[in-house]
Amino acid sequence: MPYVHIQVTRENVSAAQKAELIAGATELLVRVLNKDPATTFVVIEEVDTDNWGVGGIPVTQLRQIQQT
Amino acid sequence: MPYVHIQVTRENVSAAQKAELIAGATELLVRVLNKDPATTFVVIEEVDTDNWGVGGIPVTQLRQIQQT
Amino acid sequence: MPYVHIQVTRENVSAAQKAELIAGATELLVRVLNKDPATTFVVIEEVDTDNWGVGGIPVTQLRQIQQT
Amino acid sequence: MPYVHIQVTRENVSAAQKAELIAGATELLVRVLNKDPATTFVVIEEVDTDNWGVGGIPVTQLRQIQQT
Amino acid sequence: MPYVHIQVTRENVSAAQKAELIAGATELLVRVLNKDPATTFVVIEEVDTDNWGVGGIPVTQLRQIQQT
Amino acid sequence: MPYVHIQVTRENVSAAQKAELIAGATELLVRVLNKDPATTFVVIEEVDTDNWGVGGIPVTQLRQIQQT
């Protein structure tokens, strides 16, 4: 029955990495709470860096600061 | 006042089907809880099949298994 | 595979009404998108009226205005 | 620690407006609850007007009605 | 039409502070995107400190560390 | 920057299990996407079994069926 929603910035997450996140999150719910994988949902949402703010600024600007 | 968030996989949901989901969900809240349609939000989110996991694998792989 | 999240204010929604919302939302996804009920989640979240704002004020205050 | 999720219809929100929403939401949490900006997330989600319903119809249709 | 979801830890947020968050978030959407307050939802969700993790540990433990 | 939201039914999840879910989910994002634990949020939401539906019925009823 668990529903796991993973939000990350849209920064080239590959299909293989998504599959790994899905497998890992499902395994975690099975291991810790003995949940049934067949009814465990994992939904990954990728968010543009303009659309994600931390410290009051968009991640787009944050990345530019980090690269200078 | 209700807010209804419907997440489905991105598998060719047509504009007409979306309108039907919006009408149906709103009607449900009006019928069961006597809510005001004018302040009832329905938000449909379509998720790539790489990004939705069930049974520990992405729906993309699940669909491939289902087709073999 | 659908996940339906219904947020309403915490104003005495009965167990029977919740069951009706669950049945109705599931039936809607089956009818419109031919989804499998066995892997259709409906999650109802009740929110205190102090915690829900519309028109810039909490619903608690809105209800008081509506009753005067 | 706060997480602020802002959903709006996808109707040409500019990068500058997104930055303003991020700054404003962060400032609000700092001012009212004395939260640390460095661990305050603001996530903006833009939703197609076909995918957002109010009053039982998609915003796409609502906009057409508003323009006639 | 905006929907703003604010998640914070359950650490004695007063009704007055919630009203201030609701007013501030609504004003922000009106000012930046010219949205209608009457159809702007703000939902505040308070999360137990056992249920919120940052840095891999629950906030409950984090607060204990911060107090030593 | 990741935000992980884990929804499970409210069925006696202990503080230790919550801490394990938080540690496990954080470790997963660090391992797969090399994210910074200090800015990785994990939020666990427990949902009453009356409020969670699968197969068109509340989990409360499902558990009763499973026990007969």
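Going in written order, the chains are labelled A, B, C, D, E and F, and every chain counts its residues from 1.
What we mean here is this: a contact is a pair of C-beta atoms (placed from the backbone, for glycine too) under 8 Å apart; a residue touches a chain by one contact, two chains touch by 3 or more.
Source: prediction; values computed, not measured.
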Required steps from chain C to chain D (each step between touching chains, minimum): 2
Touching both chain E and chain F (chains): C, D
Chain of greatest Cα-centre distance to chain C: A
Chain at maximum distance from chain B, centres defined as averaged CA atoms: E
Reference interface A-C: repeating pair among E-F, D-F or D-E with over half of contacts shared: D-F
Proportion of interface numbers common to chain A and chain D (over half same, under half different): different
Which of A-F and C-E has more C-beta contact pairs: A-F
Centroid distance [mean C-alpha coordinates] between chain E and chain B, Å: 26
Distance between chain centroids, defined by C-alpha means - chain C, chain F (Å): 20
Mean-CA-position distance for chain C and chain B (Å): 14
Where chain F touches two or more other chains at once, by residue number: 1, 3, 7, 21, 25, 38-39, 41, 43, 52, 54
Touch-based graph of the chains, sorted into line, ring, star, complete or other: other
Set of all touching chain pairs, with the criterion as stated earlier: A-B, A-C, A-D, A-F, B-C, B-D, B-E, C-E, C-F, D-E, D-F, E-F
Complex contact set, residues of chain E against chain C: 15, 18-19, 21-23, 25-27, 37-46
Complex contacts: residues of chain A adjacent to chain F: 1-9, 13, 17, 20-21, 24-25, 28-29, 31-33, 35, 39, 52, 54, 59
In the complex, chain B residues that touch chain A: 7, 47, 50-58, 60-61
Chain D to chain F touching residues, read off their complex: 1, 3, 38-39, 41, 43
